[in-house]
Amino acid sequence: MPDFGFSIQSSQPIDLDKTYRAVYNFVKEKEPSIQRCIYCGACGATCTAANFSQMSLRKVNLLLLRGQIAEVRQLVEHCLLCGKCMLVCPRNVNTRKMILLIHQALKMPLS
Amino acid sequence: MKFDWFVIPFLAGLTFVFGFCCIKFYLWIQRLSRGEKALLKKHFFSPSLWVSIKEIFNESLLHRKIFRTNALLGYMHTSLAFGWFLLIVLGNIEVKFYSHYSVNPPYVPIFLNYFEPNTAPHFFGRGFRFLMDFLLLIILSGVALAYLKRFQPNRFGMRRTMQHQVLDKLAIISLWCIFPARLLAESFSAALYHNGSFLTNTVGKWLSFLPVDNLIYPAWWGYSIVLGIFFFSLPFSRYMHIPTEVLLIILRNAGIRSRYFNHPFQQVDIYACSRCGICIDACQLSTLGYATQPAYYLRSLRYKTQHNELTENCLLCGRCVEACPVGIFSTDIRSHERTLGHEMNSVHYNFSKNIPKQKNVEVLYFAGCMSHLVPGIKKAMTSILNQSGCSWSMLDEQETVCCGRPLLLAGQITAANQVIMHTRSLIERSHARILVTSCPICFKTFKENYRLNANVLHHSQFIKHLQDEQRIVTQRISAHVKYHDPCELGRGMNVYNEPREVLSHIAHLLPTNHEKNKSLCCGGSLGNIFIDVDSKLQIATNTLQQMDIRSADYLITACPLCQKTFSAVSPIPVKDIAQLVADNLLLANAENKNNYAMISENA
Amino acid sequence: MKNVGKQLIWQQYQKEIAEDHFFYVRSCIRQNFFPGAEATFLRILKDVLHKDVYDDPAHTTCTGIGYHTDIIPLETTMTVVARQFALMTEKGYKNFIPSCVTSFGLYLEILESWHNHPEVLNQIRKYLKEATGRTFELPENIVHASDIIYKFRREIASKAKYRLVNQQTGQPLRVVEHIGCHYAKMFPHKSVGGAEFPRVLSGIIEEWGGEVIDYPERRHCCGFGFRQYFIKANRGYTFSSVKKKFDSMHPYSPDLIVTNCPGCNVFLDKGQYVISEQEGIVYGANGYGIPVLTFEELAGLIVGFDPWDIGLQVHQVSVEPLLDKMGVWYEPEKKYRGKNNIPLGQPLQPTVLKTF
Amino acid sequence: MSKIAIIGGGIAGMEAAIRLSALNFEVHLIEKSFILGGHVKNWHMLFPDLSSATQLVEQQKNQLRDSVNILLGIEVIRASYTNNKYTLYFSDGSSNTFDAIILTTGFKLFPAQRKEEYGYSIYSNVITSAELEEYFQTDKPLYTKEHRIAERIAFIHCVGSRDDKVGNRYCSKVCCVTAVKQAMETARRNPGAEIYLFYMDLRMFDRQFEDLYFQAQTQYGIRFIRGRLSEVSEKPDSRLFLKFEDTLLGKPLRLTTDMLVLMVGMEPAENTGQLARLFNVPVGNDKFLLPKNLHQYRNLTNQPGIFLAGCVSGPKTIGETLTDARSAALEVYNYLNRN
């Protein structure tokens, strides 16, 4: 191949046609309250782990829905499970369980 | 030597139980670590063994703890256990009076009326027959109560009873049949030989219209068979608790505890559960319809059935442990099981390596994550600490840090250790002599997992000291308050009295139906990772109803999580103890600052 | 697909296209990369449609490339544009047709600026006068060269020798049309059909028997973007855009791509070579690429000009599969022969993309 | 007896007519089309209680007393004002004199083809919310134009609302909850279908609206994405390829669907401007008619004897429209009994 001095970047958009929803579905089946989220961001605002990381549960939930598993993996590893998010969530999402289930799903061969 | 073929079912059963228990106990003890074996050995050859024996007598036979739960329930258990025990002991003594027995096979005292139809003519002979009849009557009354309990558990103080499995049902039916079968056999014997006393003679007389000569031998067979069935089903049913509880008491008093999942002590715990169902009422999750109580959980562990949900669905409030008549540490087992296979995928906490240098202070205050959601606590503690005149600083003023216990409660040991290491270094940096925290969750972890040089106090303890030293002065108000013991502070750390003393200095402290170790959980517990927030609030509502808080002006608690949970559903204001104190602080003289050292030394 | 809605839209985007007497200005890129294309356009206007068109040898670049890469001040650009208009005025023409889409956009932009800021127009008149002594009138009608072909598409069709129909199957050829961004996205109302569903090329294709493919990335830029392509390290952006377009049109299996913009034609044609080398992907059938033609070349082919006279041999992607489908007669041995049969030499062969 | 003209025979016009005829006024209800009931007669179910729309319209029709003079197929062409009375000249050549006039001409649906890039009237599987609502009158599940069961359906909020590009900056108010309602109905008819709602903001402002939203999330698994549609294309199999920006993640997003439903907003009815000129009533920036003020005098105009009710003065829900019409009736009563 000739040396072009540049390369073609991979496509950036999220392709919902090919979205990988297995992790979300796994979590949803075991903890249906994940569906109640309205992405208000209260969880991220109060998050203890957000003091020293990019952690935001709102973002985790969105990324799960859009199948962006690599990013989910990076975010959830910051969680301290302290449960503050659960206390501020206006839709009463069982956030701690959600995080543990995500970890469980990420360990499974499907991802 | 007397023998008849009908003793075979009994004898085989007895041999089986004995053999099974010996092997099982041996295997358990063998799996103990060397240190634990040494502890056990030491326990056996020291006066502390007496404590175990006393406890075995009190609990395995007399069932004192069940008496405390409900007298009728206690009587039922005592009559069956202690009555049967006495029946066996007296039976063995009685045999001695029939001198031609040099060696007594175990079946002879059980079937004495068959082998020795004629009562010994002397006083002891008749006396023993009377005693044996009396004990049988007591036991039969216990059996009758057991029948009644099936149908009317409410009379025994139980709102919910255990749903049993087939094998347990077989065992319980055979147990219920044992003593009526004995009564029948002995009554037939009394009808023929007049060798009974007030009970068997009377029943024998009533039954004399039957062809007693033909029925007596089958009746002895029947008695032996039900005994045999019971013994054979015992190792596989809940009645395995009878022998196991003895071992449990000894191991527990020797200081052995379950340290990891599947530890031999845990196995003993599991087998020692009688599934009496007392924990079901104690557990607040049963009001939500969950069958997740230790009785079910331990059963599932014992028979190795699927129980992920049972492991997770527990508030870890410890009410079941307090209520358990056997004293099984079921919360420990759940905590240990949570560490298995549930470990988070990977954790990566980018804790800053450059921890800013803390100024040296006497008191380091750690509010805790949850207190940041209840800023009233932080504010109250600030004014109390300022008033106390000591030098202090707040560790998590700018950025909240976590104590690591939420991770521990979820079984995330590795992750928790990372957090603990970090937070510990933050605390040690300040060289404070006293670490005060507002959160019982943090408090428990600081005490148990941190190995800090500083003296760790919950703020209620700290305030108590300040009050005692008169470093803060509070006014009395006419309000009535009720105090809710947070699980982690009360049952978790045995801090019951300090908050009560602090409160009684300020307001009228009203008693509740659930004081101290009987206190209810607010439902907000971080221990439960299964139920959703709606269920938690339902528990909180139930708790408030049971505490009957409407008679008070304020509900006082000492945990930000309890306060947050209760506030969502409480009809009256919920306050932290620190808030009540801060609201009623009187300006004190700031002269005796130097006395402060005393607190840290005395505490 | 319903055409009702499109027709409603097209009704809103109609413009006046002059009938005759055109002043033609060339495109920097087109005359360098596809040198036959502009000659073919002039030949069609003169010989097929019998129109009066003037191709002034004195005209220059419009500076559009320099303008879009931020290296030429606006006043300079305006003055150069004013000089083009001066040439037109001097030769007595009023209808201005640029060959380049970027030039077209630039002329419109400048005319719009002058319309809103007459003082700038006066300033530019002064500059031009000072620099060259010339004066100028604004064109009465300014359209892109593809608009002319659109206007006369029926006339060309009536004189056509071939149609955009597969001779073997009788099915219409599946044609992708690509419109340069500066044609309609800047001033939709100065275009035929607007920016969302442009009509200028689709009208031509349908008139000549082809079937237009409406694929999702149809509106996407070819990626030239001036600033992107002219910095070597950024060229990846350009070819990512090209790849995105090809990935999107691939399921429709197009036979042909037609463009009205010189730059787009370069990147869609040469881009297939870059993608094949870097990613190993070829989009056309049998390992050949998808032929990319300019609208002039397509018109020339339709009216029966010799493919090698039009300049189709300088395309990266071989056009022979297309010629075979259309049934166009050509002499393969003459592909790389110039005037008087002089050999032009053979191009190097790509490693992945197959060529004739 | 005072005479009142009500121009527009939708639910607002009918409600005002019912109330005023009950007060013994002579009411003339003027409707341009040949059927009463306006837009609502085409609707299937009403949010949030999912009650029947036709039933509402039928009830109203039954309540219109004989004293109401219903003029169908008639438009007002000219008006004059003398001695506190309005004379209206009608399209059939007749004329009549009235003491008060209520304008209840309502709204028209945003013509979706004005959002060219969404492909309405170009791609066969792009439909409007109004078409979907009418389709719901049948019991059938949702089919594509190629008679395939729709397995993936996207709803696009704010088509023609909150969009300066089409000249409508205002929120049409009802589309958010309508989309949720229609998405749930679609989920009921096409079980297992993936349903996406693409919204800018979800404005669940009224009672029980949030409950519907909650139900849609938890019972029907409707997928809400805060995202803006940029353009639509058709795939070779005639499915629709949509390009969005996921505005929460800040990333471009792509999706192929079987059907696309455009939640078209409200615009003032076609003759609103003409009526405004006729009666000299001011028009707002949003081209809806302006009441005297937006608080106490929502039904009054700056012209004596001219009243407004319903969507002629801005988008309203059905509940709000009916309340507005009743309040207008009371204002007319007060006006006619002012001396």
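The first chain written gets the first letter, and so on, giving A, B, C and D; residue counts start at 1 in each chain.
As a working rule, contacts are C-beta pairs under 8 Å (C-beta built on N, C-alpha and C of every residue); 3 or more make two chains touch, one makes a residue touch a chain.
What you are looking at is a predicted structure, and each value in this text was computed from that prediction instead of being measured.
Visitor: Which chains make contact with subunit A and with subunit B at once?
Guide: Touching subunit A and subunit B alike: no chains returned.
Visitor: Most central chain by CA mean?
Guide: Centroid comparison flags A as closest.
Visitor: Which two chains have the most contacts between them?
Guide: Maximum number of inter-chain contact pairs occurs for A-B.
Visitor: Averaging only over C-alpha atoms, locate the centres of subunit C and subunit D and give their separation in whole Å.
Guide: 46
Visitor: Roughly how far is subunit B from subunit D, centre to centre by C-alpha average, rounded to an integer in Å?
Guide: Between these chains, centre-to-centre, one finds 65 Å.
Visitor: Averaged over CA atoms, how far is the centre of subunit A from the centre of subunit D? Could you give it in whole Å?
Guide: 39
Visitor: Can you list the subunit B residues in contact with two or more other chains?
Guide: Where subunit B is concerned, no single residue meets two or more other chains.
Visitor: Two-or-more-chain contact residues of subunit D, please, as numbers and ranges.
Guide: Each of 243 in subunit D touches at least two other chains.
Visitor: In subunit C, what residues contact two or more other chains?
Guide: Touching at least two other chains: none.
Visitor: Taking the top-of-page definition of touch, could you list the pairs of chains it picks out?
Guide: Between chains, contact exists in these pairs: A-B, A-C, A-D, C-D.
Visitor: Inside the complex, what are the residues of subunit A that reach subunit D?
Guide: Going by the criterion above, the answer is residues 12-17, 32, 35-36, 38-39, 58-59, 62-63, 65-66, 68, 91.
Visitor: Mind listing the subunit C positions that touch subunit D in their complex?
Guide: On the subunit C side, the touching residues are 1-6, 8-9, 194, 196-197, 214-219, 251-252.
Visitor: Under the stated contact criterion, what part of subunit B meets subunit A in this complex?
Guide: Listed in rising order, the residues are 312, 342-352, 369-370, 372-373, 399-402, 404, 406-407, 410, 412, 415, 419, 524, 526, 529-534, 561, 564.
Visitor: What residues on subunit A touch subunit C, complex-wise?
Guide: Per the touch definition, subunit A meets subunit C at residues 1-2, 4-9, 11.
Visitor: Residues of subunit D touching subunit A in their complex?
Guide: 196, 202, 214, 217-218, 221, 223-226, 243, 246, 248-249, 251-256
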